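Structures incoming, each one as structure tokens.
Each of the next two complexes has chain A plus one more chain, namely chain B in the first and chain C in the second.
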Partner chain A sequence: MYFGDFLNNIGVAYALLGAALAAGFAGAGSALGVGIAGQAAAGVVSQDPSKFARVLVLQLLPGTQGIYGLLVAFITLAKIGVLSGNIMEMDSRAGLMILAACLPIAIAGFFSGKSQGQASAASIGIIAKRPEEFAKSMIFPAMVETYAILALLVSILGVSLIPV
Partner chain B sequence: MSVVKMKRISICGMRSERKAVLEHLQHLGIVQVESIPAGEDLQGRFSYQETAQAVQQFRKTADRLDLADACLQQFAPVKTSLLSSLAGKKPVTREEFYFVVDHRNEILADVSKMLDLKKSWDDDVALIGDLKGQIEALVPWMELDIPLSWRGTGHVRAFIGSFGFSADEAKIGELLAAEGGADAALPDLCMKVVSREKNMTALTVLCHKNDEKETERLLRSAGFTDVQITARTTPKEAAEAMEARIAELEEEKKDLAEKIAVYKSMRENIRILSDYFRIRSQKYETIGRLPQTENVFVLTGYIPANRAERVRDFLQDHYLTDVEIEDLAEDEEAPVLLKNNPLAESVEGVLSSYGLPAKHDIDPTAIMYWFYVIFFGLMLSDAAYGLIMTVACAAVLIAFPRMGRGMRKSMKMFLACGISTAVWGVLFGGFFGDLITVISTTFFGHPVSFPALWFVPLNDPMRMLIYSLLFGIIHLYFGLGIKGYMCLRDRRVQDFVGDVLSWFLFVSGLILMLVSSDFFYGIAGMQLHLPPMGVKVCIGIAAAGAVLLLLMGGRQAKNPILRILLGAYEIYGVTSWLSDILSYSRLLALGLATGVIAQVVNQIGTMFGKSVPGVIIFIIVFIFGHTLNFAINALGAYVHTNRLQYVEFFGKFYESGGTPFKPFFPDTKYVEFESKEE
Partner chain C sequence: MSDERETSYAFAVARIRALEGNLLDRDFLEQMIAAKDVSDCMQMLADRGWGGRERELPPEELLSFEAERTKEELEGLLDDTSALEIIKVPDLYHNLKAAVKDSLTQGSFEPAYLPGTEPSGQKMREIILSQDYQALPGELGAVAKEAYETLLHTRDGQLCDILVDRAALQAMYDAAMSSDEPVIRDYGRTLVDVADIRIAVRACRTGKNADFFRQAMVRTESIDPEEAAKASASGEEALFDYLRRTRFSEAVDALEISQSAFECWCDDRVIESIRPQLYQSFTMGPVIAWSIAREMEIKTVRIILTGKANGLTDEAIRERMRETYV
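Moving on, here comes the complex of A and B:
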């Protein structure tokens, strides 16, 4: 095989790298976020176990970035045929385009997951002091998530609309 | 869709009938009693009754009865399921309630006896713990065959104690020699290590009486501490005696527990009585806030307007009272009680956790209800999940007709959200994701699909995005529309033109310009085809809006230049409209998330193909995966639906800041009266 052919055929590997980055980084961001929120949640429950359900909900909020990453990874895997077993031939241009489309959710997912975890931890502080303000406490972490959603949007549109 | 209109009720009655009148009001539970600020219009002729002590006393009794209830729950537990917290308070008739109240002295006497038994039981538990600790402390000494308190004979002095490190006799001998110094002669010692642990050496040291002082000095400086346990018998015997005592105490505990459990038939009475004292403490608290003279008392407060006349007539017919009903003053902030139709009232909790309507707000519950339900369904959008939610909520609602009001509303809300989820699931072709296709392909060999009634968002995300944003624009326009309505209602025409009409024109014009442009066609693959004239009209609409904003946006400023500059800044506010509209893209994102994760679950489940273990694995993966997916996405849908209401929708018109209506009513813990007669 000539080097040129090789370059022309590794596109699918780039696309797979994109899927890996999306699931990996967004998942890592969520893991950090859920971890940060979990520490705060455990502190509150050690004082007052009756607040378990409410702080658990708040702890889960930064978990969505991982799901968004998984979503993009899944769409990518479906697109390049990994899921159906018929991996398609793809030139490096198309592959790199898909890789690029995966980056928004990888980057925004990682950072927003972590930040949302910090916002969740602070909101768990609200539950510790004023448990009746549950609805409001959920809104602050949800604000952070908006940017993960916007990134997800770009990634989904990119991955599904890029012609291969 | 409204806030209940309030009136002021003022009651002046005989002091001799004060309790009866108050009890009646408390039973009705529709009057919020206001304190009259001291000194205002009372001219020193009124005083307040000191009730703090009585309130305290009643609360203490209620707490004591709660304690008794908890005690019964410990020794004669009644099985409670996870759902029993939904069951609500137990209904009682007034006859039952007052029958129990009439026997309160006997019940309280029994409760005292029971709590005494409980105290003995607690003492036993503490004692057993104590003894177990002592036995634990004896463990290093178990090998010793003399009592720990032994101090020697006529000629021999015994030291029994420990070092805080591990060492044998020789090592300790060296240590003592080192302490004594090189030239001093060490007294004759007989050392025996009883036991060694990582950080402790238990030992006995014997010496002649004459060497007692020197030995003690050496031992102390090497870190020796006397044993702290005193026992006249050998450690082993002491431990055995303690074990025997523990067994005795355990027996006694069992006996006490049985005696306490005998009182379990009193559980209902204890609860009723606890509520009785709770209600009474609330009544006395209110009494303490009523101004009174020797013969009369005065009460003033808020009452829903539609009930006011009847309450007045009833009070005047049955008691020697003078009742006045007045309209509220123009600027008075009345407490807020929401009243909505049976559907819309289910989202009142969502509204009140953001904040109740302030005086000039209108109650947006009824409009919010529809958006809430639709958006929730869009975000979860799976027919099967929706059905499960619907059935579960309906079952809970039917099984527990006496559920608390707030809980009941939430359940009704989730029931509606479930139906909406199912409907959207059918429209988008989701039933546990693509479960039907996957099962039919893997296990039956020919694919059957659950067809989307409308379209599959995953296959056409751009289309779904555009619809999401369209729903968002409708939602936001409703919000702006409510603001417009409020402006016109209050005859603030300038505000209507400057803050509402201008935005409607500007945003609508811009959107129309966008969707009819080629640029939009490039993104969305569709376009609104307008004749050239139409495009000009769009531009005209947007320009008209922009000019209105420019001229009216800074209308509070007198200086014309400043006014224009403020107006220009107001136009910049279009960015917030852009971000508000884009925010609705979460409808697409969360909807896709549900469907895709469900597909992933199905995919993993069918990895092992058509075989017996394959089916078993499929079932396990199916149950776990879909439970998790449902939980996470239902949570996401709930949070983000709330967010869309709170941030985007309320941001357009809602001020909030009303205080809730807190009527004087029997705030019970366990029971509630069966019917409310007037």
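Moving on, here comes the complex of A and C:
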């Protein structure tokens, strides 16, 4: 392959990088968030095991960003033909556009995952003291989810609508 | 604050939130006050899990058991308990006082050493007897030497107590001011300020001179022993005027009601200083605040049990009740 051909097809590499960032950063945010909330959940269960189910729900909330990142990565991989085994040729312009479309969920997924973990940990404190306020305690971390969903929408729309 | 520090207390704080549910609230304490006698109170405490499986403990042993349980919980929750040094200071200096007296009276004085200090009371006694004061950590050696020599030459036990008590207050103030934890700073400052006010008022009422104020009180950001001594020389009203000019004007209002109202105010100030920790999720603050709240809770239960044992009226006990943390 000539260098000129390589440059003409480097777009696939950019798109792959976008998929990797979407899955990697959003997943890392979720891992941090679930880890923080998990520490708090373990603290409550160590004193009161009967609250296990409630704190588990709160611990899992920050896990969604990782799923969103994975979803965007799948759409991207399908778009460039990696899943079907027929990797398409793509110029750098189209590849960079897909990379840019993947960034919202990568960035928002990372920060919202971690922040949602902190909000969940604080809400687990509510469950520890007032288990009857479970519904209210869910709302605070759920608010953080809004911004991950907005980023997911932008990423899906971007990746899907970019012509290749 | 670093990310690691932000979240490293998530487990401990969540556990503490669960434990806060076991703290005795005002309603429960009211029920204890309304109970017929001490045995009813003890039954109520046993039903709340006090004493664990040792349900037949006498009152004083029950309180010691609960204090020990708090200490064990803290040590299990925190890898580094150096932040809790301030809480250990009173016990450490109490043991020092007992060790100084014990080493001079050679057994005729029955020392009441408290457990859990480092070095222990017995160890401090040995060090004092061997005059190897450098073996004591930090300022403790110098304080032990001064207290021992003062007691040896003057045989004035009260003067010895004043020296050690002041050193304890100074140690607490220094620990508070050098701490990175806001809750420790607020707690230590409040505790020392309140102790200063208590000393100043007692000294004024018993007609002590300015030297006593200098010997017994600690200079803090809020209270100046010199100013307090000057005011006290002109009488109680002048001392009250001085206190009104500090951030502790409410102390004067309490003092004007009664001595027990003032004692309540002192403990309530401590509780107020830790109450913001109820809303923290990722710092060591709630853990420390819970341990202080437990200490105050045990103190309140002791007041109720003592009141019941001595036949005090419900109203008299209620007057001595402290604010609760939850």
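The rule we apply is simple: the second predicted complex is superposed on the first by the 162 of 164 C-alpha atoms of A that agree within 3 Å, B and C clash if a C-alpha of one lies under 4 Å from a C-alpha of the other, contacts with A are read in each partner's own complex, and residues count from 1 in each chain.
Throughout what follows, a contact is a pair of C-beta atoms (placed from the backbone, for glycine too) under 8 Å apart; a residue touches a chain by one contact, two chains touch by 3 or more.
Keep in mind that what you see is a predicted model, and the values were worked out from it rather than measured.
Undergrad: Fit or clash for chain B plus chain C once both are placed on chain A?
TA: fit
Undergrad: Output check: A:Ser160 vs chain B and chain C. Expected answer is one of first, second, both, neither. What do you get?
TA: A:Ser160 contacts chain B only, not chain C.
Undergrad: Using C-alpha centres in the superposed arrangement, which angle lies between chain B and chain C as seen from chain A, in steps of 10 degrees?
TA: Taking chain A as the apex, chain B and chain C sit 50 degrees apart.
Undergrad: Looking at A:Leu152, would you say it contacts chain B, chain C, both, or neither? Reply first, second, both or neither.
TA: After superposition on chain A, A:Leu152 lies in contact with chain B alone.
Undergrad: Looking at chain A, which partner touches more of its residues: chain C or chain B?
TA: With both complexes superposed on chain A, more residues of chain A are touched by B.
Undergrad: Tell me the contact category for A:Glu133 with respect to chain B and chain C: first, second, both or neither.
TA: First partner only, chain B.
Undergrad: Taking the superposition on A as described, I'd like to know which of chain B and chain C A:Val57 touches: first, second, both or neither.
TA: Once the two structures are laid over each other on A, A:Val57 reaches chain B alone.
Undergrad: Minimum CA distance, chain B versus chain C, superposed model, integer angstrom?
TA: 9
Undergrad: Jot down the residues of chain A that show up as touching in both complexes, chain B in one and chain C in the other.
TA: Common interface on chain A, chain B vs chain C: nothing in common.
Undergrad: Sort out for me which residues of chain A touch chain B in the complex.
TA: 57, 60-61, 63-64, 67-68, 70-71, 74-75, 83, 133-136, 138-139, 142-143, 145-146, 149-150, 152-153, 156-157, 160-161
Undergrad: Where on chain C does chain A make contact in their complex?
TA: 6-7, 10-21, 281-282
Undergrad: Which residues, counting only chain A, touch chain C once they are in their complex?
TA: The touching residues are 36-37, 39-44, 46-48, 51, 118, 121-122, 124-125, 128-129.
Undergrad: Which positions of chain B touch chain A when the two form their complex?
TA: Result: residues 350, 353-354, 458, 461-462, 465, 582-583, 585-586, 588-589, 592-593, 596-597, 599-600, 603, 632, 635-636, 639-640, 642-643, 646-647 of chain B touch chain A.
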